[in-house]
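Chain lettering (A, B, C, D and E) follows the sequence in which the chains are written, and residue indices restart at 1 in each chain.
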Amino acid sequence: GNSAPPQTPTAPGQTVDIKVGVIAIVDVAPIYLGKEKGFFSSRGLNLTLSTSQGGAAIVPAVMQNQYQFGFSNVTSLLLARSRGIGVKMVSNGVASTGVVGKDFGGVVVKGDSPIRTAADLAGKSVAVNTLKNIGDTTTRASVRKAGGNPDAVKFTELAFPDMPAALQGGRVDAAFVVEPFLTATLDQGARLVSSNYAEPAPDLTVATYFTSDQTIAANKDLVSRFQEAMKESLRYADTHPDEVRRIITTYTSIKADVAARLTLPRWPTEVNRASVQTLADLAVGDKLLDKAPDLGTLLP
Amino acid sequence: MLDVKHLRKVYSGHGRTVEAIGDLTFHVAAGEFVTVVGPSGCGKTTLLRCIAGLLPATAGEIRVDGRPVSGPPPGLAVVFQEYGRSLFPWLRVADNVALPLRRRKLSTVERRKRVHDALAAVGLHDSLEAFPWQLSGGMQQRVAIARAVAYEPRVLLMDEPFAAVDAQTRADLEDLVRDVWRQLRITMVFVTHDIDEAVYLGQRVVMLSRSPTHVLDELTVDLPDERDQLGTRSDPGFSKLRARVYSQIRAAKAPVDLGKTAS
Amino acid sequence: MLDVKHLRKVYSGHGRTVEAIGDLTFHVAAGEFVTVVGPSGCGKTTLLRCIAGLLPATAGEIRVDGRPVSGPPPGLAVVFQEYGRSLFPWLRVADNVALPLRRRKLSTVERRKRVHDALAAVGLHDSLEAFPWQLSGGMQQRVAIARAVAYEPRVLLMDEPFAAVDAQTRADLEDLVRDVWRQLRITMVFVTHDIDEAVYLGQRVVMLSRSPTHVLDELTVDLPDERDQLGTRSDPGFSKLRARVYSQIRAAKAPVDLGKTAS
Amino acid sequence: MIRRLLPLSGLLAFALLLEVVPYTGVVSAVYLPPLHRIAGALGQEFGRDAFWTALLDTLRTWLTGLAIAVGAGVVVGVVVGSVPLLRAATASTVEFLRPIPSVALIPLAVLLYGTGRTATLLLVVYASFWQVLVQVLQGVTDVDPVARDTARSYGLGRLARIRWLVWPTTLPYAVTGVRLAAAVALILTVTGELVIGTPGLGKEIALAQSGGAVAQMYALIVVTGLVGVVANVVTRDAEKRVLAWHPAFRKEAAA
Amino acid sequence: MTILRRTALVFGLPSVLFAAWWVFSAGSVDFYRPPLSSILAAFAETWFGSRIRDDVLPSLLRLAAGYSLALVLGIGLGVLIGLSPRLRIAVEPVLEFLRAIPPPVLVPILILFAGIGDLMKVLVVVSGCVWPILLNTVEGVRAIDPVLADTCKAYGIRGADRLRHLVLRSASPQIVTGARQALSVGIILMVISEMFAASSGLGFTVVQFQRGFQIPEMWSGVLLLGLLGVLLSGLFRLVERRVLAWYHGQR
């Protein structure tokens, strides 16, 4: 980009302002907690969090160094990298609990639906928040694993907030939802048929923090400070669920009573490289990508 | 047939209040041909619009056929002074004339014949397919006249309908209007600025004062019903009537200073 | 001053081709007052619009001051036949008259005086603040005349400027126009349907034929420059001229069948 | 008195509808809460500082964008409209650019201006500019030919003609353009905030949506709608003053 | 105007702009601003295949349905509101309220009532297209020449005749303007409607390309939308020339 602010390397110890583009969902609780706990300021990082709805705004902003770091799901980053965008993961973001039936996202159906297992989804319509992305590839993987025909599943794009109503109104047969909508649908009598984040790989890394190749090249010090702060934040979040449940009510509109009952994701400090490989393979298998990008250039 | 009693009309709005008509009373019998003369701005157009039920009176009453006017009475036709703007620019000449006939129970052939005849009568037989804005001012005015004639109204109000045509055409149209009137026994109220015309056409001439408008004088035109341009106009009776209207109007006009204040 | 040579104008479009002007040649000297008469639809308005540079000629040439006309020549004013639409509805009467004066280097006081005088001269001193659409037809037409008079043009084209006013006002306006012409030595082309008016006003009367239009006859009005309504009109010379124009026009008109085909 | 209440009657009926529909079972009250719950949420919003900041942010972006779009639309429209050659030459380009959705321009906007107000502003101006332009172009065409000839023959120069003839004729069209643009600009402001994340009501809506706070979300939508209503009252009022001469307003003033 | 001249006017400026775009983007390595050459290459690859049938055509059908519905609704309501000052005063605030609601928040509400199928998408298109038509119709109807209105009254031209020969015709220049506005708004909303609850369509594809970081493909979609706009406005002009012959003839 030509209008990018100049990238001047930071000197160790110097306090710098950084901006991180995130999505206001449960997944990014650690960075909010970390900011609150001073994990960033103690490393001389004056952190500002900017929320957007998704990658359309975050990726270009990171590439342009408007944001120094951004939050994105793994499949999107795989897509970006394979199209030649210089994104690079710097820190783990959020991971599946790995517990089938007790994850922070999953495919739900109406209580009285004939669909029993993921295999039954074949031939049915399933809502996902973004097509050709992590939601549908992992759901297909679950269907495949359960012995169904993944190509027969009819995916429809629908925003998470609209899914509970669509499911209840019978507009779709099933929906891939994440918290807090998972709890909301279950409350309304929906039934979980697949934990698609938990099934394809153990401890699937769902999303990560990333930056641009340029930033890595120009400002190693800043990146490593961010990585350290993130690590501390992730560890803290993973071990203090009550703190997490409290902080999410501050930056989302989730009410405290709902927050108290959510299934929280896991926040391991390291990216699960094998699971990234799995997602890459799924993306190639579902023809999202022609060939997997060189994971070495993407992984931290 | 047509009764105007103590009509008063005041326009107000946009910072201006004008008493267009002060107190006007007159009567037109069924089938009568009344011409109205009066100075510019004295309220003739306003009067016609009130009679046609297009404008509510401020005070007084207008009755057509004994019924107070609230909207346009049925069987009424008007030739507006703003003839150009009264034609539909999106309709061709023939369609403009035909439009008011749609409500009449006429066969298509009959309707077309009426339209053609009316347009031929005003000398526009070769402009049926033109749009009004492709016509000269006088031609537009004749379309408006043809529309009224083809409509065969019971009451016809005409507001300076010949203002835009040449002398020869005017004479022809005058005869046309009288013919139509005599054939259909239409009740006519005809506003004109031409005093000769007022006398030539009407059975009675109503002279209006300048505002606040009232009836200055009414004059019965005791000429035979059979009139023709050369004979009637050279009739001594015609000249006398004409002179009377002139003098009346001049007398009423005298105190005003048009053209005397400048240049 | 004003030279029209072999002017030809054909309108075509919307399925209609009309030869409005066939072949027209005439000359107006600087400061001359020429009146133009001709049957309705013969192309008088078209002629004026060509002279004013508002309409391109199909063939032939028009020169004003020796220069071929391509746009409106400077110092020109026109009173349009469609007077109502030529007034700007968003400007009050005084502003409508004042608008063309903006280019003139006049002080505000002077400009205001000119506007007031012109409007007073046409009898509208008390309607300065009205919008045009609040006026009667005749009043609107007088605003248009006042606008032209206040502009003090070198060339003034008037297209039936008195069509909508009563006889008395018309006489006053005729005198006003002659006064202005004599004072400012304007070159005048004045279209009218009133043959008396044509003779009374002009130094020369140009008679046009019906289409395809050409000059039927030109008549020099050899009456004294000092004219007045009563004296001049009762002058035997006047009657003779008038009769000549009448007979010319009637002769030219004869073969056409207006009003004879119907009713 | 009746005239006073008339504008409210429509809104009241609509409010009643909003209150009743959730009880009819057409939709579940969970997803479309009855009005009183929305009103409750609105009350809560009024108590939050963040709400007022967001509202002000939105108003600022909206008005700035609208002002730029209207200014540019009017100037470009009058200039292009009065020069036939220019108009013919630009027509195809205008038609090409108009249907390009602002959402497609989001990455470009972010790339150029980041995720701040300017990026949203770009979308707002882009979308609402065309609304004004098309209206003004039409208005310029509407000049009465006799009035145009009058202006020309009296030697009014190009600027004078624009000021005294073209502009008054265009004005009614331009006002409609402004009204259209005002809503489009508001929509794009909120959408930009929603998608890009520029601070403002849209971002609050996005937050409420993703948090499943349905009543709060509707409360914020109601605020957006009310901003639109107020904008209309203001333009209508201005219109009544500048267009008093126009046939549409003559009758009403005389009555 | 000769054919040659007209062609030059239609293609002149776009050619210049495209040439400039080509030259200035030629060496671009910026990911989001690819060279025009690669966009054009992507264009051929992307759109000259089954996508026309699978994505473009269904979108166009929905656009056509929504646009037609908006025309009927906008003109119908517009005439009613334009003719009755009282009705206008009563309903205008509600309409203004609805008008200001952004499609991204309107869509979820529409989904509640109309589901996620074609109907919802058609309604989204309607929800945007109707406003320019409605507003222009209202203003057009209000601006009817008073002399013409009086003429109709005096000659007893009422009801359907009045509607057809006075109201609609006299407002038609403004209605056409509204319809012209609505055309491009419709294309935009076609895209937006497919951003929600979709699995195919032109707009869906463009957004998909954007999310999948297929930027040349995305720009090629934008290009297609622009071309679509030019094409439809050409068709529109043909219709307009017939409907408004009387209007343009005068001017």
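The working rule: contacts are C-beta pairs under 8 Å (C-beta built on N, C-alpha and C of every residue); 3 or more make two chains touch, one makes a residue touch a chain.
Every value quoted in this text rests on a predicted model; they were computed, and no experiment measured them.
K.L.:
How short can a chain-to-chain path be from chain A to chain B, counted in steps between touching chains?
P.N.:
2
K.L.:
Could you name all chains that are in contact with chain C and with chain E at the same time?
P.N.:
For chain C paired with chain E, the chains in contact with each are B, D, in label order.
K.L.:
Which chain is most remote from chain C in terms of Cα centres?
P.N.:
Relative to chain C, the chain with the farthest C-alpha centre is A.
K.L.:
Using each chain's Cα centroid, which is most distant from the centroid of chain B?
P.N.:
A
K.L.:
If I rank A-D and D-E by number of C-beta contact pairs, which comes first?
P.N.:
When D-E is set beside A-D, the one with more contacts is D-E.
K.L.:
Can you work out the whole-Å distance between the CA centroids of chain D and chain E?
P.N.:
Roughly 17 Å, centre to centre.
K.L.:
Cα centroid separation between chain A and chain E, in whole Å?
P.N.:
Chain centroid spacing, chain A to chain E, equals 37 Å.
K.L.:
Need the CA-centroid distance for the pair chain B / chain C, whole Å please.
P.N.:
Comparing mean C-alpha positions, chain C is 25 Å from chain B.
K.L.:
Using mean CA coordinates as chain centres, what's the chain C-chain D distance in Å?
P.N.:
Those two chain centres are 49 Å apart.
K.L.:
If you look at chain B, which of its residues touch at least two other chains?
P.N.:
Answer for chain B, listing residues that touch two or more other chains: 11, 13-14, 82, 85, 131, 134.
K.L.:
Going through chain D residue by residue, note those that touch at least 2 other chains and give them in order.
P.N.:
Touching at least two other chains: 27, 31, 106-107, 111, 194-195, 209, 217, 246, 250.
K.L.:
Indicate the residues of chain E shared as contacts by at least two other chains.
P.N.:
Correct list: 30, 32, 108, 112, 145, 195, 210, 215, 249-250.
K.L.:
Under the definition above, what is the set of chain C residues touching chain B in their complex?
P.N.:
Counting only chain C, the residues touching chain B are 11, 13-16, 18, 37-41, 43-46, 81-82, 84-85, 117-118, 120-123, 125, 129-131, 134-139, 142, 149, 160, 163-170, 172-173, 175-176, 179-180, 183, 193-195, 246, 249-250, 253, 256-259, 261-263.
K.L.:
Across the complex, what residues on chain B touch chain E?
P.N.:
Going by the criterion above, the answer is residues 49, 52-54, 71-72, 74, 76-78, 80, 82, 85-86, 88-91, 99-100, 102-103, 131, 133-134, 147, 151.
K.L.:
Across the complex, what residues on chain C touch chain E?
P.N.:
13-14
K.L.:
Using the touch rule from the top, collect the residues of chain D that touch chain E in their complex.
P.N.:
For this pair, the touching residues of chain D are 3, 6-11, 13-14, 26-27, 31-32, 85, 88-93, 95-104, 106-108, 111, 127, 130-131, 134-135, 138, 141-143, 145, 172-173, 176, 179-180, 183, 186-188, 190-191, 194-195, 202, 205, 209, 217, 221, 224-229, 231-232, 236, 246-248, 250-252.
K.L.:
Can you check the complex and tell me which residues of chain E touch chain D?
P.N.:
Residue list for chain E touching chain D: 6, 9-14, 17, 30, 32-33, 85-86, 89-94, 96-105, 108-109, 112-113, 131-132, 135-136, 139, 142-146, 173-174, 177, 180-181, 183-184, 187-188, 191-192, 195, 203, 206-207, 210, 215, 218, 221-222, 225-230, 232-234, 250-251.
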